[in-house]
Structures are given as C-alpha cells and as structure tokens.
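As written, the chain order gives the labels A, B, C and D, with residue 1 at the start of each chain.
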Amino acid sequence: MFSTLAEVLRHGLKNRSFVIGGTISLLFFLIAFLSYFWTPYPVEDINIAEKLLIPGAKYLLGTDHFGRDILSMLIQGARNSVIVAFVAIGIGIGCGVPLGLMAAAKKGWIDELIMRFNDLTFAFPALISAIMITAILGPGSVNSIIAIGIFNVPVFARVARGAALSIWKREFILAARSAGKGPFRISVEHILPNISSMLIVQATIQFALGILAEAGLSYLGLGTQPPMPSWGKMLNEAQTFMHFAPQLAIYPGLAIALTVMGLNLFGDGLRDVLDPKLRRGR
Amino acid sequence: MTLLQVQDLCVTLNTAHGPQEVISHINFSMDAGEKLGIVGESGCGKSITALALMSLLPLDSQTKGKIILGGQDILKLDSRKICSIRGNRIGMIFQEPMTALNPVKQIGAQISESIYLHLKLNRKQTLERVTELMDKVGLPVSRFGLNLYPHQLSGGQRQRVMIAMAIACNPDILIADEPTTALDVTVQEQILDLIRELADSSGMALIMISHDLGVIAQTTQSVMVMYTGNSVEMGSTVDVFQNMLHPYTYGLFSAIPHVGSSALPGRKRLSSIPGQVPELHLRPEGCNFVDRCSRASKMCKAKKPMATRVSDHHQVWCYHPLSREDKR
Amino acid sequence: MRIFLAKRVFTLLLTLLVATLVVFVVLEILPGDPAAVMLGINAETDTLNALREELGLNRPVWVRYASWVADLVTGNLGISYTYDVPVSELILSRIIVSFPLALLAMTLSTLIAIPLGVIAASNHNKPMDFLVMSFSQIGIAIPNFWFAMLLTLLFSVTLRLLPAGGFAGWDAGIVPVLKSFLLPTIALALPQAAILARVTRSALLEVLQEDFIRTARAKGITNQGALWKHALRNALIPVVTIMGLQFSFLLAGTIIIENVFYLPGIGRLIFQAISQRDLIVVKNLVILLSGAVIMINFMVDLLYAFIDPRLREGEDV
Amino acid sequence: MSKIKTIVTLIVLSLGIAINASSVMAAKDTLNLGMVLEPTHLDPTAGAAASIDEVVYANIFEGLTRIDKNGAVKPGLASSWTVSEDKKTYTFNLQKGVSFHDGASFEANDVVFSLNRARGEGSVNAQKALFKPIESVTSKDSHTVVVTLTQPTGSFLFNMGWGDAIIVDKASAEKNKSNPIGTGPFKFLKWVKGDRIVMVRNDAYWGTAAKLKTATIKIIPDPAAAVSAMMAGDIDGFANFPAPESLAQFKSDPRFTVVIGSTEGETILSTNNQRGPFKNLKVRQAVAHALDRKAIIDGAMFGYGTPIGTHFAPHHPAYVDLIATHPYDLEKSKQLLAEAGYPDGFKGVIKLPPPSYARRGGEIVASQLRKIGINLEIIPVEWAQWLDQVFKKRDYDLTIVSHTEPMDIGIYARKDYYFAYDSPKFQALMQKLDATVATDARYKILGDAQRLISAECVNGFMFQLAKHGVWNKNIRGLWENSPVQANDLTEVYWVD
C-alpha cells in the first residue's frame, strides 16, 4: 500500500489537485521558513506616523493601524501558523493514533471506553475547550497549540480506529495472528503501515483546520500574543477598519483561505494517489 | 428467426496503459431459445462481451460494430430506450451474489423494482408476480418472507433472488456471467439446474459465461472459445468438445483432471499450456496465441488468422487447425 | 435491539458522570476569584469574604462537588453569581436563540450539501463536479468570521436590507426574528454545507462502484434512478455521522458568529461566564452541552440502525 | 427564462421596501442606545461594574444628591440641606410626594435604611469606603434626615451623589439585582440577558418628566459589530463608542454627529514600586522620559485623548499641568538607566487587561521602552486574572489600566494598593484634604499631591480617556463629558 516516495510523486504529478495543492502548500512552507531569515521590515517596530498607508512602493501591501508593514507580518504570520498547526497535529497523532489502534485491537470495554472518551472530547466544541485551557494557562500560542492539539486527538483516534478495524478483518492479519504475534506487534508492524496513507490524508486536512482554529482563537484574542503577528489576530484587529481600510482584512483573510485551500487540495490529491482503489478510477 | 446478431463487435477501454482494445471482431448470432456458451480464461473479455450486450460498459469506453436485437441496433439507441430494454428484453445474473444485492433494501422490493418499471402492474398484481417468481426460483414466500434483507440469506439463496430479478419481466435473453463460480459445488449444481429449467420452460435464450468447461457442457447447445479478446473457435458444443480444432481449445481440455483417470494405466501428467496470457498492451502482431502454440508458423506471427468454416456450425480462427491424429 | 439500547443508555450515563468530574476539576484549578470580579478594584477584604460566604465558595471541595451533582440530578441548577438569576432561566433564554439558529443552519446546510454532493458524484470528473468541488474548497477555506463580516458589510451596511445583528426576541413576532437570523444562518450554514457536500460526494462515489449498482442498472434503472434509489441510502452512514458532529458544533461552537452578529446565544454565554468566572453557569452549561452532544451521538447511532439493517443486531459500526 | 427572472426581482424589491418602511416610522419617542459591556446585574449598591451605573444612575435610581453633566453636585431626593459649623452634621430636607416605582412611598426611613445597609458589616457595597466617615443616620421626621460624621469630609456631598449611594426601599432592596425599583424618571420594563435592557417613562415621577417614552440599552460587545449596527441604523447612538478608529468615518457621514468629551479615566502605566528595578526612582524617571504620549494616543486611541502628567482629570479646575516635568527625551532616559545601574537595560513583564486602550497601548509602550533597552514580555489577561494576579497578589512589573472613578487621587494614600507606593508625606496630604472644606484650600492641597506623585514618578501618567459620543444628529440632551459613570437620559429628546 505505502509505495515509495518516487512512485507517489510519479502518480501525483498526474493528479490535478495534488499538483495545485502541492505547490500552494510548498509555497506556504517556504514563506514560513523564509521568515526566520528575512522580512522586508522588522515586525516588532511600531511607527505610528506611517499608519494605514495604502499599498505603494515603500510598503508593497501597505501598513496596519500601528504602521507595521503588512507583507512582513504575513510572512511572519505564516511561520506562526505552521508551528501551531504542525505541533497540534503532532499531539493529535501522538495521542490519537495509539488510542485508535488500541481501541481497534483490544475491542470490548477498552474500545467502548476510548470511544466514549472520544465522544466526551467531541462534546466540548474546540473553541470552548480552547477558552477553558487559555483561561487556566493564560492565552498565548503555546496554549492555543495545546487546545487545538487536544481537539485533534479524537479525530485521529476515530480515523485510526475505523481504518484499523477494516484491516483487522483482512486475511493477512489472521495469518500474522496465527504466527503468534500479539495485538501490539501486529498493530505496529501490519496495521500502522496499511493505514498510514489514510492518516497522512487526515493530517493534511487537520493541518488546514488547525490554521483555521488558530485564526478563530486569535479572533477571540486567545491565540498568539503580540509582538508575534498571526493571521487570525491581523484579521481580528482589521475588523473595525472594514469600512474605510478594507485591505487590512482582505490580505490576512486571503492568506488563510489560500493556504487552507492549498492544503485541502493537496490532501485530496494525496488521498487519490495513495488509495489504490481510487487511483484506478481516475 | 434470429433473435440477436452481433456483428464485428470491438470494445476499447481506458486502462493504466492508455486505451486498449479489450475485445475485437466478435461475431455471433442467436435464435430464440438457443443456449450459447462463452468460455475462456479470466481476462479474455467474456464478461466485457456480456456488458456490451447490456450496454453497461463504463462511460469512457468506445464500442464499434453492431448488436442487432429484434431488428434494431441497440448501440445506436439513446439511454432512455436502452433502459426500457435492459431488464425487460435482456436479463443478467452476476457472479458475486454477496455484493450484487442492495444490503439496505428488502429482497421483495428489489425484485419488484423492474416489474414496476417495465410491466407497469399495480401493487396487487406485482405482489402476486413476485410470489410466483420466488416459488419458481425455489424460495417459497412461506419460508422466505419478502421483507428479509440480503445479509439474512446464504450465497445460494441470494443467487436465487438474483435469478428471480433477472427473469422478472420474462426477458428474451438471459445472460449468466459465471453465476456459480462464487458458490460451493453442491449449491452450484442446484443453481445450474434451476437456470436450465427456467430457460427451457419459458423459451428464453441463454448466454452462459464461464471458465468451467463442465458448466458449458451441461447447459449450452453452442459454444464460443475466447482468448485475449478474440474468438478462437465457435460451433455446436458437441462438435467443439469432440472435434476441437484450435490448439488453445485442446490445451484447455487437456488441463482437466478426469474422475478416476488416476486409476487408468499409464497415468498422464496433467499438461498445462506453456507460457503466460500476454498483457493487453503486449499482445503479439499475429495470432495472439502464437508464443504459446507448438504449431506456430511464420504465417501465424505475421497476420491474425481469419475464420475458416469447417462445417455449417463449426469454425476456427487458425492457420493450422488440429487434425484427428494429433489428438490421440 | 433492547440490549443494544440498554447498553448504550448505561454508557451514556457513565460518560455524563465522568464529564461532571472532569468539568469540576478543571474549574477548580481555574485561577481568579468570582467575588473579586463582581466587587471590583475598591472592594475591601471583608466585603469580599461576605460575598464569598454568601456564594458558598468557602465550603470544602468535596462538599461542593457532591452538592452540585445532587442539584444536577434534581434539576435545580442554582443561581448565577454574576446575573443573580436562576441558571436554568438564563440558559433557557439563550437556548431559544442558539437551538433554532442551529436547526436553521443545519437544514439550510443539508438542503444545499446533499443535492450538490449528488450532482458532483453523478457527473464525476466533469465540469459540474469540478465546480461543486471548488465551491466546497472555498467554503471550507474561508474563516467564518471573515465571511460573516463580508455578509454584514454587504446586506446590512450597504444594502441596508437586514439588521446587522441583535435578536429581536420571539415576542416581537416571527418575521423580525427570522430577519435577524437570516445572515447568521447563512454564515453558519455555508462552511458546514461545504464540508457535507464533500463527504456526500466521496461516500456516493464509493458506493457507486459497488456491484449492486450495476445490478440495479441491469434491471433497467437509469443512472440517476440507481443513484437516488440505491446508492444514496447506502452513502447515508458517513453523511449522518458528519451531520451529527456538525449539529453538536452548531449548538455551542458558534461563539464567533454570535460575536459578529451580537446574538445572545449559548456560545457567548459560556465565553462571558468563563471570563467573569461565573463558575456555576460554566459548570452547568458545559454539562448540559455534553449531555446534548452525547444525546445527539446516541440518536446518530439509532439512525445508523435505521439506515443499515445489518447494524440492528447491535454490532457497533 | 426571463419571465422567472422578472418575478424574482419583483419579490426581492418588495421585500426590501417592506423592511425599510417599518424601521423609519417608529423613531420618534423611543431611543436605542448602544453599550459595550453588559452589566452583571442592576443593583448599583452591590457591584462595582461601571456598566451598572451607566444604565440605572439618574434613570431608575436616585441618591440624596445628584452629579450633573458638568460634575457639579445638584439636589436629588434631598431638595435642600444645611451643614453644621464643625462640618460634621448634615441635615437633609427630602422631596415630598415621591414614590418608588412599585408604589411604595419615599420617606426618611428609606434613607436611614439605605445608608446603614451600605456601611454595615454584611454590606456588599463596592464603595464601602465612601460611607466610612458616617457615625449615625437618624430621621428627625418623615421627610428630614440628620447624618453625623466622625470627622469633616469635604467630598461627602459629592460622595452621596455616587451610583453606589442611591436610596432603595427596604421591601424591594433584595430584588433590585434583577428587578430594580427606584424613584427615577424611568421604570425598568425587561432585560433580555445578553441583548438589551428596556426602560419606560415613569409617568408618576416627582420631578420634570422624561421626554422619551421608552429607552432601550442594546448590548454590543464587539467593536466591529458596533460599527455595522450604527451604519445599518439598528442603533441610534453610543454614549461612548468602542472603536475610536472609526470615528473619522462617522464624522464624514451626514446621519451622525460625533461629540468628543472627557471622562474621569486617567489611563496610566501602573508600576509595581516594590518590584526589582522599579524600586529605584531613577528607573521610573527613565521610563517617564521614554514614554512618547502623543504616539501612544495616536496609535492606541487614534488621536482622541488628552496627555496628562499626573493622576488627575485635566478638565477639573484643580488640575496642574505637569507634562513638562518629564518630557520625551531618550538620551536622558538612557543616561538615567545607566546611573541606576542598568546600562544595557533589563527584562520585564507587562500584564494587559482586555480593553483595547490597554492591549493597543501596551504594544506601543513595549516597543517604545524597547528603544531604551527595557524588553517587556506582553501577557494579556482577563479581568478575573488581572484582579487576582496584579491587583491582589501584586505579581506584575507593569500594567495599563484606566481608573474611571471620579476624584480618585486618594488611592495613592492606600499603602496596600497595587502600586505598592507608601509615602507618609502623601498620606498626610490626604488627611489634610479630608479635613478642609473650603474649595480653594482643597485645590491647593490637590495641586501639591499631584506634584508629589508626578515628581516621584509613581506611575507612567499617559493620557485621560476621551468620551467618544456618536449619535443620530436629531438627538439632543446626551452628556458630552462623563464626570461620573452614567448615561443620564432624563433630558434626551428627538428633533426633526
């Protein structure tokens, strides 16, 4: 199932959404990486004299209400979104996948317990659990990572469990069991590689949702804190200027939308490439 | 009166290696009530022929040639007219009963669907028709309620439901695409007997598709042997079985173990046909069977053989058909 | 079927009990003292103690937990610290906003998403499919508060057709309420419809490859007929799952939309209650929500059994 | 196809007209006033939130005295009063023929009950300190009350005008939180939590009746939603508009007038005088020189706000302009830091409460102090955490808050206050101020107090919060300034 990277690319390049999504996502990661070395203007410095300038030669995309260059903030914001979404997925996979695998392997009351625990975490909509967490630990990008991460755990647990259950029914698993392997080793050696394509696809989609969640949290003032810029915060602060300086809201909104769309397209393309059943259909 | 005429049928499908001609230049005709068998290894295009007759081929396929049913070429019909033929004039039974029925719909509803569509009976008449069909296929409604779901029936029983659905509107032709392959042997016999009885009793023409020569022998009057999309030999079942001419047909028959043959003196090892069935896109220039044929000549490699008619109901596509001596 | 129900109801109650424990512990470690929030900067320490006594905050932890669970069972949810009004009344006044809004958004989203999903699936890889997919990509990608802002800018500020927000109150009649619900419903429904359309499409594509679809067509049913009569019902399982998740999200996850349209819904009540440390409201509201979500999941399970007969013997999906 | 299109456009058009028509007719004697913060309840004697007073003060509840729009003390329920020579006994003659909204009559015992309730042990009154000087409250007859003080208190009449000192009826006092019963020109009608509070004219009012029939206070916490609500005509006006950045747009819109006034809100960079480097006066002076007040006002408040050099409201006659004592001078600032032993600066923490003046002001102050080497980590906190960490436990270096209580320079005399400023000299000044009643003597003491805290740079005094009034141009009678936390609607009416 999990073919080598070269083969994935070979098939991928024929798939439209894989290509478009891939380029946008790559661009997004490059920008985020770039922000470590260079941004057109330093992001921390506030210079009120040049506030709310419209896009021009000096500031390509204009300046915000504190006179900071919007382009630099977008580049810096990209880094923030990558980190928040990336680590949040790490938490989601790190805790969710083992839970899902265990639920599928053990069945019985452990499965029931994990699934009910899943329902419980789904019970608290992401935003509310985020608000609770930031109220306890205080706002900040670290805490929003934890909040989004926690929300990812049940998603990965559910996906991993669903995929693992269908693999457990397959003959080659019976063969492995008859060879005396315990459920733990089977889960790691046989089940995990077979559901990894599903997990990768889910990861890209959760990455996109992670960026949206971070934007939502920043909107409520709970996400990344100054002086570190974030797209969500830029959008939040731009609201009151909607009527006479709309560009403040358009650029971050576009950045979020484009990145999330790119990641989703890439996820779709990846699903088609990795899932043999669908590959034949294209 | 010829019921069905297939003239020079060619079907091209999109595959991983680009468009490939899956079946080429298939010709045969059938009279009302006739029983034709189509035999060949899996992948030789027999199911594709059946789907072409039902015009159920995937959207991105191209079909050339003519299929004349009751005087009109169904390949030229628009989708609405074809729908009025499918299930009404031609019925089909599929191979895999476990997945061929809708798991969330009751069997009674699934059978009555084509009756509503084509015969336009009212509820009461349809119910009677369905009960009658259930009895015909050996699933009396007293024991098998119409509100049962597919997962509550065994493989054999589901195949009987499939048959009931296929013959619901008394079609002129019934196509059975390897109906018994997925069943165990004991049930296989019952299903084959059932199909044969139904075909005989209602005068339906039958096209039996199988890779099992025994099934073909039991149920058909004439047979067509196919290999990688071409028909290699066609004729009455008796002629082909006793006086096979094409090396591939001969190879097929010699691969069958005969019951008790091991007790005969001078036991012969089962001979298998050397080499592999070529991939669709790697088929040779001349006759497709050339690389595996012990009698292959230069001519065979150059050009695909034309049909040579040995008798009025036996023809073969080979430059060096087998003679009687070779078969000792 | 009955054991299936009994088992589920038991796990339901167990989960709720665990939820009460989790919520209580979380709120215990929440820093900040409700009394201080109410009395502000100049309050003196003795007034703070008087208030804390009045609110019963000084009782030991276990006593407070036990009395809360007892109250929960008897349905008396206590008095809100900040609003000094019975919590049940406060929550009720917010449910009559959030619940209809969630219902409206859910219906609109389903009415848009299922047909779009079917259209996309039935002309797979054709322009229509691409159109629906790009709509759904855009729908998912746009942050919903940005979309809400654009809606208000267009319909309320420039066209002045609809109010920019606020809730007219049910006693003001149906029309004003629907007018104030129109924009929030669209803002909530479109992103959900985008997700649901994608799920419907991929579920349908999966089912359309099954053998029984070919059997149906072999019976003379048209492509569309086979899709609506046979494929759709089989594709409902994943679709219903997503709808279940979406409805529980719509109940209280709409804090942002309630903020943009200043609607007095449950989302904002929770957000306000947490920042004002109105712990009684937070505790009871979160439990109510968990109960509602678990109830929704339970109903989704029942729907599974209704849709797919194979599930009626109690095996889990 | 075209036939269908015409029908659809017809429907949309008629829908549009119908909606617009209904909202225009009903504007005459009702008012929709927007407010940002929803009051937690409606009893001003049991909560400190300014939003409570902004709804009920002078509208529903009245006190013995009343603060008018210029901050002067006017007669309220006490029509007149006499003060004894030793300034320790006040005799209030009460208005006659006054009744509470529930019909109960207003007499002297209501005053006795209200004042004793506010200063008693179990009192939950947020401004209990206002009643500390009271020694006894007795009613001489049904409409005269005598109040004796332990020591002369110059601001006693002003204090009795606060929202926390309103007079309630014993019978309805406990229920005031959700069903306020007062003597004011408006009666409470209903409160849809999270959405709006509705008041109607009290036709049995003892004084000049209110001109409005109904007044609705609409709660809109989100500044962007406030802008849309005003633009869409849902709201008639905001006494104090939350988003100063959009005022320019309201000015250019013919439908609205923008009235910029002042408030009692001294917005300061509160400094923890006992914490690390800030113990040292030179460091505090360095900070004072590093604050560019004009940039802070332009950046955070978009130019609305008057710079201040001390903790006093500039519009008050006793104000002393001390901005010149610490002008903006980075070089001097760096030099002072070096003298104090921090040549290359130090790290610190600034905790910011939710209001936008704090969050935006904090970012600007942090970037300004970064120029002289003071690197501040910004930690935003909810009010609950601010009160707990900053106000109670003093776990902070710097914070930004606007003290909106009127005449509150006295807080610098409280040793336990979160500034951690303990100056016996200042405490003595405050005692002297309490003892003097003559206005010019009081103003002189207030001047010395202002000079002292400015010289000692107790806090970074930045600017006085402005009042951004935005309302429909046909409305008259709304206050320009807010000398006390209130939205007095008694004189509001429509013209056109």
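Criterion: contacts are C-beta pairs under 8 Å (C-beta built on N, C-alpha and C of every residue); 3 or more make two chains touch, one makes a residue touch a chain.
This is a predicted model, so every value here is computed, not measured.
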### Query
So which chains count as neighbours of both chain A and chain B?
C
#### Entry: Interface with the most contact pairs, given as the two chains involved
C-D
### Task
Give the label of the chain whose average Cα location is farthest from that of chain B.
D
#### Entry: Chain ID, smallest distance between chain and overall C-alpha centroids
C
### Message
Centroid of chain C to centroid of chain D, CA atoms only: how many Å?
### Response
38
### Task
Please report how many Å separate the Cα centroid of chain B from that of chain D, as a whole number.
90
### Query
If you average the CA atoms of chain A and of chain C, how far apart do the two points sit, in angstrom?
22
### Summary
In whole angstrom, the CA-centroid distance of chain A from chain D equals 44
### Query
Which positions in chain A touch two or more other chains at once?
135, 239, 242-243
## Note on the structure
In chain C, the residues touching two or more other chains are 31-32, 149, 153, 157, 259, 275
## Note on the structure
Pairwise, the chains that touch are A-C, A-D, B-C, C-D
### Task
Would you mind writing out the residues of chain A in touch with chain D in their complex?
44-46, 48, 51, 65-67, 135, 138-140, 221, 225-227, 239-244
## Note on the structure
The chain D residues in contact with chain C across the complex are 15-16, 19-20, 38, 40-41, 47-49, 121-129, 177-178, 192-196, 218-222, 224-225, 228-229, 231-234, 354, 382-385, 387-389, 391-392, 403, 405
## Note on the structure
Seen from chain C, its contact residues with chain D in the complex are 31-34, 36-44, 46-47, 50-51, 54, 82-85, 90, 93-94, 149, 152-153, 156-157, 159-167, 169, 179, 259-265, 268-269, 272, 275-277
### Message
Quick check on the complex: what are the chain C residues that touch chain A?
### Response
11, 14-15, 18-19, 22, 26, 29-32, 125, 137-138, 140-146, 149, 153, 157, 205, 209, 245, 248-249, 251-253, 255-256, 259, 267, 270-271, 274-275, 286, 289-290, 293-294, 297, 316
### Query
So in the complex, which bits of chain A are touching chain C?
111-112, 115-116, 119-120, 122-128, 131-132, 135-136, 208, 212, 215-216, 219-220, 232, 235, 239, 242-243, 249, 253, 256-258, 260-261, 264-265, 277-278, 281-282
